[in-house]
Structures are given as structure tokens and as C-alpha cells.
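Letters are used for the chains, namely A, B, C, D, E, F, G and H, taken in the order the chains are written, and counting of residues starts over at 1 for each.
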Amino acid sequence: CGAMEQFESFRAEMDASNAVREQLRSAVSELDNATRLMNAALLPIHHSSSGDSIKKAKSYLPEIRKAYMELTAIIKARPEEYYKYHDYWRNQTQVVVSLLAFSHWLETGDLLSHADAQELLELKKEDFFLDLDDYLVGLCNMSSELPRYVVNQVVAGAYDCPERVSLFLSDLYSAFRLLNLRNDHLRKRFDGLKYDLKKVEEILYDVKIRGLLTGKESKTPEETK
Amino acid sequence: CGAMEQFESFRAEMDASNAVREQLRSAVSELDNATRLMNAALLPIHHSSSGDSIKKAKSYLPEIRKAYMELTAIIKARPEEYYKYHDYWRNQTQVVVSLLAFSHWLETGDLLSHADAQELLELKKEDFFLDLDDYLVGLCNMSSELPRYVVNQVVAGAYDCPERVSLFLSDLYSAFRLLNLRNDHLRKRFDGLKYDLKKVEEILYDVKIRGLLTGKESKTPEETK
Amino acid sequence: CGAMEQFESFRAEMDASNAVREQLRSAVSELDNATRLMNAALLPIHHSSSGDSIKKAKSYLPEIRKAYMELTAIIKARPEEYYKYHDYWRNQTQVVVSLLAFSHWLETGDLLSHADAQELLELKKEDFFLDLDDYLVGLCNMSSELPRYVVNQVVAGAYDCPERVSLFLSDLYSAFRLLNLRNDHLRKRFDGLKYDLKKVEEILYDVKIRGLLTGKESKTPEETK
Amino acid sequence: CGAMEQFESFRAEMDASNAVREQLRSAVSELDNATRLMNAALLPIHHSSSGDSIKKAKSYLPEIRKAYMELTAIIKARPEEYYKYHDYWRNQTQVVVSLLAFSHWLETGDLLSHADAQELLELKKEDFFLDLDDYLVGLCNMSSELPRYVVNQVVAGAYDCPERVSLFLSDLYSAFRLLNLRNDHLRKRFDGLKYDLKKVEEILYDVKIRGLLTGKESKTPEETK
Amino acid sequence: CGAMEQFESFRAEMDASNAVREQLRSAVSELDNATRLMNAALLPIHHSSSGDSIKKAKSYLPEIRKAYMELTAIIKARPEEYYKYHDYWRNQTQVVVSLLAFSHWLETGDLLSHADAQELLELKKEDFFLDLDDYLVGLCNMSSELPRYVVNQVVAGAYDCPERVSLFLSDLYSAFRLLNLRNDHLRKRFDGLKYDLKKVEEILYDVKIRGLLTGKESKTPEETK
Amino acid sequence: CGAMEQFESFRAEMDASNAVREQLRSAVSELDNATRLMNAALLPIHHSSSGDSIKKAKSYLPEIRKAYMELTAIIKARPEEYYKYHDYWRNQTQVVVSLLAFSHWLETGDLLSHADAQELLELKKEDFFLDLDDYLVGLCNMSSELPRYVVNQVVAGAYDCPERVSLFLSDLYSAFRLLNLRNDHLRKRFDGLKYDLKKVEEILYDVKIRGLLTGKESKTPEETK
Amino acid sequence: MLRAPLFAATKRAMSTSTATNAFHSRFQQYALQLDATNERRERLVKASRDVTIHSKKVIFVIHRLNDSNRDKIVEQAEKDLAAVRDAHVSRVAREVEGVDYWKLKRAFSPGMQEFVEAATVVEFCKTGKLLTLQQLNSSLCGVKDASGVSFSVDIDDYLLGIADLSGELMRLAVSSAASGQGLEASARIRGFVQALYEGFCLLFYNVDGGRDMTKKVEVMLQSLVKIETTCYSMHVRGSEYPASIVDS
Amino acid sequence: MLRAPLFAATKRAMSTSTATNAFHSRFQQYALQLDATNERRERLVKASRDVTIHSKKVIFVIHRLNDSNRDKIVEQAEKDLAAVRDAHVSRVAREVEGVDYWKLKRAFSPGMQEFVEAATVVEFCKTGKLLTLQQLNSSLCGVKDASGVSFSVDIDDYLLGIADLSGELMRLAVSSAASGQGLEASARIRGFVQALYEGFCLLFYNVDGGRDMTKKVEVMLQSLVKIETTCYSMHVRGSEYPASIVDS
């Protein structure tokens, strides 16, 4: 019924697509590796001086940028298919964003913007951009680190940390509420953000009610070390 | 065997039923949207003046009523099929009830009754009623917001809030215990209520043991602002 | 907070609803029992004279009607809750329909119509109706008994049976094809009907090529005994 | 609070119960092994002389009895815990029953009774009995072997086999219909029995319509060889 | 094939077993009801004088005993089937044990022993015993009520309560540590006990550092009212 | 705690193992490709001349052997880790065996032995062998093709095919019964074999009962074309 | 000492107005982007649902086919199919251009697959041939996306659609067997689905979409076996007696 | 004509004896191989069960530890652990050599993981340090496999074992908090599990074993958070009043 010729041609086309996938797999595997090292480098933030951790974490940025350059090279050749292969780098990208946003907040107390994240990763927007959803999920990922961070900071004696984090998360939370989230992945992560905020509010409450907050000097996370 | 004519009429009937489903889907999508906005408007209650939040939240009530009017119009024509399609609006209705009951409590310190909830939604009982289970689940939803509310109120210095909420939840809890709940969804939600009460009692304990409560006069939630 | 009085009334309402469930359970248990006995009475049709079986089967009809009268009495008081409790009697009703439709066909060679089924069960349409889907599933159930019936009839020497059944199932099949079935339970049952028809066609073919059919006059199933 | 002594005795009790489980596991593993061998010995029935297969199958009976003696020894010491550990031997027992009942039918054309099954296994009823449900499930298991048996017998020229099996299954089927089966495991197995009967009836039909049956005298399964 | 007579007797047996289930269901429904009422009666302990609550709670004991008498009557006739039907009363029994153990502790400060629990329920050990696992799960259930009890007692001014509960839970905890628990339900419940103890320790600490404990003489919970 | 150095060394070790995995993936991807083509080449056996199909299928053997040579090279360097990486080639190998065994049977009517399979694939037993389980699963896979093959052969008029296949499968089945299969993957596949045999027996029955078998000359599958 | 009151002030400010939130304006931008995509996705989901519903109706029309009404039914089905294309597929096309085709694909894939199923089943009934992807896309050349480019179905949706086609053909084969005739019709379906199946076995599927596909190919094989078994049972019955007797 | 009777004859022959089955003898060979492996696997499963049960008992002993009985308990646990090694791990070792280590690994992995858990928890209680894989394997150097080579635990089992270790340490931390003391003990556990967790985050896991590991690392993080929260709540309570008051 003439099916065979058509399927032969499909096979050729699928072989080509598989070749792209192999290239993507390899680029993403580098990205994955660098991200994992960056993550491991940042983790001691919970018990050691944050300065060192951030510095060490940032040292993996060139490797990460290189991996994105490879991804860019592959996708640039087929610009309309960015989302066809999106799943390959989606998870890693969300982790990268969360690590960058966490470091940025630790250093400046500010939220890393979408544009700044793209710049930090040296993405050329017209060839390979940072998907907005991935950026937002990355922010939620970061937020889920904060309750643990606050707990450990309080143990280290930084009693003003809960208030600062509570204000930051509260701002982030009301910013997210500006978005009309559908019933999707992002909405679930946003519910997580609410939970993180609640956690931090409870820690703030613990500190406040014991009078540990008043009269202490407020410092940036850095300074408390 | 004469089956043909009969099945022609069945066909008409089934096509009609599919049309009803399409209409319901559309009405519920509006309800969902308005409910989400109302929820977003009420949530800042945790950090800001409650007056504004409640006012803003209430501004979505007309939209919500409109959605229920559409549902009413559809169901009125087939009163015996209310429960055939109940699942379409069940979740949204439970959320609406929780928002209304929370606002009502904030303003008056009282529990929004089933009848008042129906009135607020301008439901005509004979055409489209508020299912009792949905109302009760809505109350449980509301109760799950209260511990967080109390935590934030105490942080803001409203030390008498835990006692008021503890009394309210304790009353609500004993009221629920009057019901012979079967082993169903509602029973699980009721267990949640017990947990919320426990949480608020712990906050009351914290405040009491630190001598923060004594000598303060009790006020309505509004006045504590 | 005034909750107590309200919840007392809820308790009454919920206890009433639980009572309804108990009543339904009891009525359905009778229905189930009578249906099972009717089924057991009709099944020997495969090996014995159908007259006796049908008669015996029909003798359970009063009991079945009584069960539906009980259901009607319960639902009549709350017409809008028919579908709230539909699951209680759904399965049994489908079986009842299949048994009645089978008996009816055995006696008359005709398809039991939706209206006739309601009448046979002495349902008062305005108080308790026969759901259309249940009726249609019942017909599919009946059809799945027919190939076995034909096999046993031919073994017993009733060589004209395949032709009659084939015509009947063909008609039923064309009638079902009129419906726009969603991809659900009913569509699957309808696929089964197709296989039943095919099976009967094969038997008709067997009988035909052996010249067992020719010269015999067509009779009702009853007369072939 | 005197809890210590009590818990010491609990500890002894729980350790003992774990020991029982270990013993049961070992006895059942022997039972499992012997059952598997018996099954393998009986299966060639489909293609070979049944006499040899039955004899070989029966040769595993002593081993099976031994395993039950071990189970008996364990349970006898704690009669009220028969059902606490029932799951350990349930499956194997159902298979054993099906094998014994199949052999018995092949040899005698009769149904192995519950009492005879217990006797064959040399169970002492007061110490370790054959659960009724297990016996009945075993019968259903046996019935599921019969359609294949009939197919192979007809291929081997034993054209009277379908009629004999059809009568046997039909009897068994009506017998099962006497039971008020709840909606459980057994009910599902019983539905399988109906399917087996239908299958055998179709073979009987095939043989009958082709005139292969007439004039043959009925024999026991053994004699057909 | 002689099956009919046998199956008639099976039918009798299964009908009997179904009757047993119906009886059990009814007895357990009474047990469930009484347990729920006892629970509701004991719960105000958190906010009111314990004397009244315990007395009220105990007033349901006769009803509970009656339900167990019914269970005993049913099981006594078939001692080896205790575990066949164990699931029917398992949950309720665990709740009953927790309520009895809680009341007992409130009155005496002692742990209700396994033997005493059986006596309180007037179980005749040889006919119907209290399963050890159920007793232990009941103790864990009770322990999970204690932190909330201590919180509310301290709020009510009973500052010596934390110390008494802490000693009691400590003892219970060490006792549980004697058991070699398999990785099952019970081990998880035991982990919960640990958290309960920790929570109570924290409250004891709160009370101690505030000098609320010193100089007060220890009293039974009753006297603190 | 000295953990870090150890984990660094683990990381090195895991990197090495990942490199092996990359090599394996690439070799297996070639194997997979060739297997798929071989399968597609053999499939027309169901409707066309088997000679051509087998020839075409065999033309992929060199490619398959090459893939196994690569696997051999990788594993030879770590002879003890054959089973560590077994999962990589397990599925494909089972398919390869089934295709080879099917072709072999089509050509010779014989069963391809384990040793012959290894030889066909040119495996050097001391470096890279064919796992016995994989060989046996491969045979089961082949058997699952046979019912479909027989159906299509009968349609093509080869009425003796069912008998030949039935004998072959029956032999294979009794051979498998010699094995003590535990409750594992292989056992399930063996149950499938039983089902295939039953299917073929039914086809043999269909052909036999219609007198299509007698007097026809028996041919090898090849000759029937 | 310095920042503590600052924070407190921030908090109070926040309490009365959210406008001071440092990153609100950025999030308002994000909201605009998300809303645009979401609305587009909503429209696509609706259009896709309509494509599905109406394609299914075309398939139902085909199932009403028998020997006597073939031409009329096929003509009707073709007309209906063209209507689906013009009324609903065009609505899908209008929403997707450039990078959004793949971004929003999940929203319209189900509809397009059902459309493929309907189009190929109609073609088979008319010509007995497989409507190729190229032919299908030619028939869509009048359907333009937002930038005026012709909309086209991609390989994945095409393959998933014709995988389901085998199920509908199985129903047709059983129907024609059930109508007591159709030995020839069934044989045609058998050959067609065998070829389809062999074509599918040639392809291999990447991990992501692969799972869907593997399952569909299994279902396809089941349908094929049912078709073959139908042909088989018609054949053995037909072989039992000489044709002369049967025809008489 | 020629083969039909032959087949029939074969069938009859088969009916009376299966000995003529052409490939029976080959399958008898296969049966021997399979039986040997299966029996070995059975013995391993049993030995592994015993290793598990007795390792769990060692862990239970550790959980009975408190400030006053520390030395006695640790000594007892060490003795018990050595007994598990000599009595049961040796039975595992005996069955595995060469290619069979990986072939039968699934049969003894659970036991070895539990053994790792027990050995590391004992070491932590004794020294506060992580028992390394190298140290563990040195302690097994007397345990020989069938070919006389020392048996050793591989990385996977070691990692899976110490992932579970964090759960036991969490229990210890909560216990020591529950006993009203142990601020220091909890802090030690916190530091130890933090280091463990960071170590795990460095590694990456291949697809096959990866799923297990990912889940275990998640559970590990949960345990760590519980430990940190325990330390936190002891800390904030301790900070509320000056130490002098608390001690009085």
C-alpha cells in the first residue's frame, strides 16, 4: 500500500533527529556535571563561611557557560525546535538558576532577574534563551533551600536572619501572586513557596517570642560569619 | 425490530447531555478564575491591614455570583441531575466557602453559617443549593489558614490573637464532633482541624508562658491592626 | 460562636443522610438477591425448555419491583439526589435490564424498549427513572449471552435459531451505530456486541452450508422446544 | 512504672512469633516444591496416556502430606492462629486441591469432595483443616484446565469427551450457583468457570454439528485412551 | 456427579459465615459508636477539669464491654477464626486501648498493663483476647495525645505536669526499646513516641528555666485542677 | 569526618564506570539497530515466501556479530563484571536469539541449541558468553510468534502447519518442564509458552474437526510456499 | 543597628501598599508573557477538543458504511473532513508559529492525531491506500499559521494517528465479518495493517516520545492479530465445504 | 505423504515416553546449570536474611545507648558485629566468586547494606568518624570467598548502607534531645550527616542503580533537616535565658 517507502523516509528523518539527541545528551551531561559540582560547592553555606562557598561555586560558571554554548550551537541550526528538545536541559537549567539566584541573594540580598540570569549564563537571546517557566521554577527551587538556611543561621547565632528571609520570601510570594498560574507544574512549586514562607515565619516567630531579635544588630548573611 | 426510532431519540438525548457538559465546563472555568483572584486578594491578610484585603476580596463576589447564576440556569432545567454533575463545581465551591468564611470571621469573629453562605452567593435554594459536605469541607479549609495567621499576628505584636483563635477553633472543633462522620473525605479534613487547633494551642502556650498575654484586652481581629 | 446550634441541625441532616444510605443498602441488597435468583432461574435456558425458565425467572419480578418501590420511596423524597446515590443500584439495574430484555426477546423476538423496561419494573418516571446508560449497558449484557444460547440451541437441534438471533443482533448493531459514543465504558461494551454478532454469523454459516436450515419454517424460540 | 518487666515478656512473645514465621516459611517451601513437581507430572495428560501421568503425579503425595504434617505441628500448638498465618499456605493449597480434583475426575468422573480432599492430604481436621474457600478456588482452578483437555481429546479422536465434560462442568456450575458468593475473589473465579463451560459447549457444538458424536458410547476418560 | 448435596452443605456453611460477618459488623458498629462517644467525652480533658471528663468517658465502658461480649460470643464458637475476622475490630480496639490507657494514667500516673486492659474490657482470655500488637499500637496512640495535654495543662497553670509526663514517657520509651521491632507499622509508631517525648522535654525545659517548677510539690493530674 | 576524600575517590571510580557505560551504550545501540532491521526483515514471513524473508533477515547477522565483538572487547577487560552490565544487552540479546531460533526452525524444523546460538553469534565463550536465561527467554519469545504464524499459514492453505507446530511446541514445552523454574521472569515467560501451545492446539482442533488435515501431504514450512 | 529599622520600615511600607516591592514591576512583565502564552494555549486546547470531537464523528460516519451505501458514505465523510479542516484545524494553525509550534504542541497534538486517524480511515475506505503524510499536508496547504506559512502535521502526530487507525480498521474487519460477507474486504484490511505494522517495526523511537509509541505499537499488533484471526476463521469455515455447496 | 505418518508415529512414541524428545537431553544439561545457580541463590538469600536480622539487632543495641552505659554498649555492639561477620557474612562470601558476584548480587545486597549500616553506626558511636569502605573491607579480610579471595563490599552497597545510616543517626539525635541533654551530641551528629550529605551530592549515579540512590538521598536530606531542626530548637530554647539561670 505504498507505506514502505514512506516509512523508509521517516527512518532517515528519525536517524537525523537521533543524531541531534546524541549531541544534546553529551552537552547536557557536561552541564549536569558542572551543576552538580556547583551545588556541592554551595552546600557548606549551611555550616561554614558563605564567602568561600560562593566563590567556589562560582568557579564552575565557565564550565556551565561552555555547556550552554554547545547547546546554543546545536539549537541555532534549528531555531524553531527549541521546545522540541527542551526536556533535555530543562531540569539542569532550573537547578542552575536556583544556584545562581541563591548566590546572588546571599551576596546582595536581591532577587536575580530573568535578564540577569541570561546574562550570567552568557546566553544569546536570539539563539538560545532562558525559558521563563524554567527561571520561575528555579526561583521556587531556591526558596525551598531557605528554611533550612534560616534554621542553620539561627543555630550559628544570626538571629536577624529569619526576619530578612521572611521579608524576602514574602516579597517573592506576592510577586508570584501577580502571575496567573494555571493548574500546572509551576503552580505546585508555587504552593511549595507558600510552605517555605510559612516555615520561615514560624522561625521568625520562635526568635521573636523569645526576645532574641530585639536590640541585635542586623547584618547581611555575609557579615554574620 | 423497531430499535431504530428508539435509538434516534437516544442519540438526541446523548448529544444534549454532551452539550450540557460543555456549558458546565465553561461556567466552572469562570468560577475558577474569580475564585483564584479572590484568594489572591485575601492572602495579604497575613502581612498587611486586613481591611483592604477583605474589601478587595469581596470585590470579586459579583463575578462569582454570576458564575453560580450560570450553573443555576443549567441545573434548574434538570433538577434531578445536580449530583450527576456535582464534580464539575465541587472543588471551586469548597474554596469559595473557605474564603467567605475566613473574611466573615475576620470581620465579625463569628462563623459564617450555611444559610448565610448560600445567601452571600445568592443561590436560590430550590434551584441550586450549597451541598452541606462542600460547606463543611470549606470550613476545614479555612481552619487550615488560621495557624499561619496567628503566627504572623503574634510576630506583629498582637499577643491576644492566639487566645481568640484558640477559642474559635475549639468551638468549631466541638461543633464538628457532634457529627457522626463516616470514614470519608470529610473525616480526614476534620482530623486536619484537630491539628490546626493543636498548633494554635501551642502558640497560646508560648505567649502565656512568657507572660505576654496578661493584662491585654481582647479585641476583634480588625482592632488589633 | 453560635456554631453549636447550626451543627446540631447538620448532625440531624447527616444522620438522616446516613439513614438514607442504610435504607438504600437494604433495598439494594434485596434487589441484588432477587436479581441473582432471577438470573439463576433464567440460566437453565441454555439446556432446558425455555418456557419453564422464563416463567420461573418472571416469578421474581414482584420482588424486584418491590425493591424498586423501596428505592423509589427513598428517592422520591429527595428527587434531586437520584444521581447522588446512583452507584448504589447501578450494577444491579444493568443486570435486571439484561435479564428482562433477554426474556422479552425469548418470548416475542423483539427488543425490550427503554419505556417498556420502565413499565415492566413499574417505575414511575417522575419519581425514579431508568438511567439511559444503564439501559444500554443492560442491552449489551444481554447480547453477550446470545452466542452461547445459539450454540446450545443448535446442539439441541433448533437449527433455525442462528438466523433469528443473527437478524436480531444485526438490527441492534445498526441501532447502536447511530449513537455518538464517547470513548467510555459503553463504547467498549458496544465493541463486544460486534463480536457476539460475528460469532452468531459463523454459526449461521455452519448451519447453512450443511443444509440444516432449508425447508424449516421459522419459529419463535419457544416453539423450537 | 513497672513497664519494664511487662515489655521483657512482650519481647519474648514477639521473638517467638518471628520464629514461627521462619518455621512456616520453611514448611511451605517444601510444599511448594512438591506441588510444582506434582503439577509437572500431571500435565502430560494433554498428550499422553493419562494412566501414567496420574500415577506419577500421585507419587508426590507423600511429600505433600509431610509438608502438611509440619504445618499441622506448628499450628496445632496455637490453634487460634490458623488464620493469622493462613496466607503462608493459601496459594499452594489451592493448587494442591486442583491437582487432586483433576486426577480424581480423570479416574472416576466424579467430583472430589471437600472431605475426601482432607482425607487424601491426611489432615486431622481438629488440628489443621482445609479452608472451604481454598477448596472451592481449587475446583475453579481445575475447571480452567478442562477446555484445553477437551480440545486435545477431540484432536486425538475422543469425540465423546466434550459431552461428558460439558455435563460435568454444567453440574459443577449449577452447584456453585447455589452459593451466595459475596463480591470477592471466589466470585471472580466462578465467572471463570462459566467461561470454561461456554468453551466446552462450543466444542460440543462443533462435534455435534459435524455428526461426529452420534452412535458413540460414552466412556470414562480413561477408557477413551 | 453428587456435587449438589455437598454444595448444599457448603451453602449452609457460607451463609453461616456471612451471618457471622453481619453479626460482627453490627457488634463492631456498636463498639465504634461507643468508642467515638468515649473519645468525645475524654477530649475536653484538654480544656476542663479532668475529673468530669474521665467519669463521663468511663460511663461508656459498659457499652464497650457489651460490644466485646458480643464479639466474644461470636468468636467463642469458632476460636480458631479469631484472626480470620481480626480486621473487623482491630482499629476500634486500638482506639479503645489508647483511651483506657490515657484515663488510667490520668487517674493513677501508671501505665495500663496488657493484663489490666483485658480485665477492664472484661475479656475472657481463653475466648477473646487482646492482640499484643493492638495493645502496643494503642499505647503509641495514647502517647501522641500527651504533648497537647501538657501544653494545655501549662496554659492552665499546672506547671508540674511536664515533669510527670516526661518521666512517664521516658519510662515507656525505654520499655519499647527492649522490643526487636520488625520494620513495620509498629516501628513507625514507636518513632512517633520519640517525638512526643522530645516535645514534652522542651516544655519541661521552658518551665524549669522560668523557675515555675521549683518549690511546687508534685501532684496527680487530678489535684492540679 | 574524613568523608570528603573518600567521596572524591568514589567520584573518580564512578566516572570510570560511566565511561564504560557510554561505550556499552554505543555498542548496544548498533546491536539494537541491526536487530530491529532483522526483525522487520523476518516479519513478512506471515504473508510472503519465507525463503526471501529468512535470507534478508540473515543479511544483518554480520552487523550483529560486529556489535557483539565490541561488547566482547569492553567486557573482556573486566571479566568479572559481565553481570554488572548485563542489563545493557539483555533485551536485545533475547530478541536476537528469538529471531535466530525462529529462522532456524523455519529452515530445519529443529530447535536452535544454546551452543549453536553462541556459534552463530561468533561469541568467544571465555570472553563473552550467551547467558542461559537469555537464551531460554529468547526461545519463549520465538514461541509467542508461532500462533500468529500458524493462523496465517492456515489462511495460506498450509493445513498441516498446526500439527507440526503443535508437536514442536509440545516438545519445547515438556523440555522446559524439566527445568525447576523459580518464581521469576522466566517462569512467567514459560506460562506464556503454555498459552501459545494452547492457542496452536485450538487451531489444530479447528483444522482437524473440519477434516482439512487428512490426506494432505505434510511439508516443511519452506515447501508450503 | 542601621539595617534593622530599615527593614522594619520596609515592612510597614509594604503593609500599606505592595507597590514598593522591589521586583513587582519585573513580575508584572513576566505575568504579561505568561498570560499571552496561557491564553493562546487555552484557545488551542479548545480548538483541539473540537478537532477531536468532529474527527471522531467522521470516524463514526465511516463505521456506518456497508456494501450498499459505500459511495454515499465516503462522499459524506470526505465532506465532513474538509469541514473539520476549514472550521477547526484552521483555528489550531492560526495560533502556532515559529518556536510556539513545539512549545504548545501538547495542547493540540491530541486533536491532530485524531484528525490524522479520520483522514487516513476515509482514504482507506475510498482507495484502499495509506494517505501519506505528504498527501495529508498538501491537503492542508490552504491552512495558514499566523505568519501565513502553511500549517503541517509532523511525523510524530502522523505516526500516533495511524497507530490508532489500526484499531478502527480492526473494527471494520470484524464488522464486515459480522455482516456475513466481506472475506475480500477483510483480506484487504489484513494486508494493509500488516504493511503498516512492518513499517512501524522499522522505525525506532527516542526515549521521550518512545514510551507512547511502544505502547501504541503493542496495541497495533493486538489489532492486527484480531484481524488475522478474523480472516482465519472465515477461511477455515469457507474451506470446510466445497464452494459449490456454499453458493447453492 | 511421507512425513505425515512419521509425525503421527513420533506423537505416539512421545505419548508413551518422553525420552525420544529430540532436545530433552540438552534441556537436562540446562536444568543442571539452572539448578546449581538457583540453589546457590537460595543459600545466599537465606544468608543475607540472617545478616540483615542480626545487623538490625546490632543497631537496636546501639539505640539502647545513653550517657551512662556508652562504653559497655559500644563494646557489646562491636562484639555482636564481629559475630555477624564470622557467622553470616562468611556464608555469603562462600557462595560468590568470579562472575557470580555480580550475577547473584541482588540476592545478598540487602544483607550487606544492612551490615554496612550497622558497622558504620557502631563506628560513629565509638569514634565519631565515618568507617570508610577501605576500613570496612580490611575488617573483612579474613572472610574468604570460594576461591580463597577476600570478600569485599562494593561501592554501591556501601553507599546505600550509609544512606540509611543517616536515618539511624536522626533517631539518635532525637533520642538525645528527648533525654533532655545532648546539645553537644546532636551537634556532632549534625556535622557528621551534613558532611555525608555533601559527599553524596558530589557523586552522580548512572541510570540503573540511580533510581534507588536518588530516592535514598532525598530521604537522607529529610533526616538531615530533622537533625538540624532538632539542634535549632535546642539552640533557641537555650538562648532564651542566660546559661547561669538554666544551670541553677
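Please note the rule applied: contacts are C-beta pairs under 8 Å (C-beta built on N, C-alpha and C of every residue); 3 or more make two chains touch, one makes a residue touch a chain.
Labels paired with UniProt names: G, H = Translin-associated protein X.
The structure presented is a predicted model; accordingly, all values stated were derived computationally and were not measured.
Peer 1: Looking only at C-beta pairs that count as contacts, which pair of chains has more of them, C-G or A-B?
Peer 2: The greater number of contacts lies at C-G.
Peer 1: Looking only at residue numbers at the chain D/chain E interface, is the share used by both copies over half or under half? Answer same or different.
Peer 2: Same: most residue numbers at the chain D-chain E interface appear in both copies.
Peer 1: Sharing over half of the contact pairs with D-F by residue number is what counts; pick that pair out of A-B, D-E or B-C.
Peer 2: Of the listed options, the interface copy of D-F is A-B.
Peer 1: Give me the C-alpha superposition rotation for chain B onto chain C, in degrees, nearest 5.
Peer 2: Rotation angle, to the nearest 5: 175 degrees.
Peer 1: Express in whole angstrom the distance between the two chain centres, defined as the mean CA positions of chain B and chain H (Translin-associated protein X).
Peer 2: About 49 Å separates the centre of chain B from that of chain H (Translin-associated protein X).
Peer 1: As a quick test, compute the distance in whole Å between the mean CA positions of chain B and chain D.
Peer 2: 57
Peer 1: Can you check how far apart chain A and chain H (Translin-associated protein X) are, centre to centre, with Cα atoms defining each centre and the answer in Å?
Peer 2: From the centre of chain A to the centre of chain H (Translin-associated protein X) is 34 Å.
Peer 1: Roughly how many whole angstrom separate the Cα centroids of chain A and chain C?
Peer 2: Comparing mean C-alpha positions, chain C is 60 Å from chain A.
Peer 1: Counting only residues that touch at least 2 other chains, which ones in chain F make the list?
Peer 2: 170, 174, 180, 210
Peer 1: Could you tell me which residues belong to chain H (Translin-associated protein X) and also touch two or more other chains?
Peer 2: In chain H (Translin-associated protein X), residues 11, 14, 18, 191, 198, 202, 204, 233, 237, 240 touch at least two other chains, as defined above.
Peer 1: Where on chain C is chain G (Translin-associated protein X) touching in the complex?
Peer 2: 166, 170, 173, 177, 180, 191, 194-195, 197-198, 201-202, 204-206, 208-210
Peer 1: Spell out the residues on chain A that touch chain H (Translin-associated protein X) in their complex, using ranges where they run on.
Peer 2: 32-33, 36-37, 39-40, 43-44, 46-47, 148, 151-152, 154-155, 159, 203, 206-207, 210-212
Peer 1: Once bound in the complex, which stretches of chain G (Translin-associated protein X) touch chain F?
Peer 2: 191, 194, 197-198, 201-202, 204, 225, 228-229, 231-233, 235-237, 239-240
Peer 1: Mind pulling up the chain H (Translin-associated protein X) residues that touch chain E in the complex?
Peer 2: Residue positions touching the partner: 56-57, 60, 63-64, 171, 174-175, 177-180, 230, 233, 237, 240-241, 245-246.
Peer 1: Give the list of chain A residues in touch with chain G (Translin-associated protein X) in this complex.
Peer 2: My answer: residues 1-4, 6-8, 10-11, 13-14, 17-18, 21, 79-84, 86-87, 110-111, 113-114, 132-133, 136, 160, 163-164, 167, 170-172, 174-176, 178-182, 216-220.
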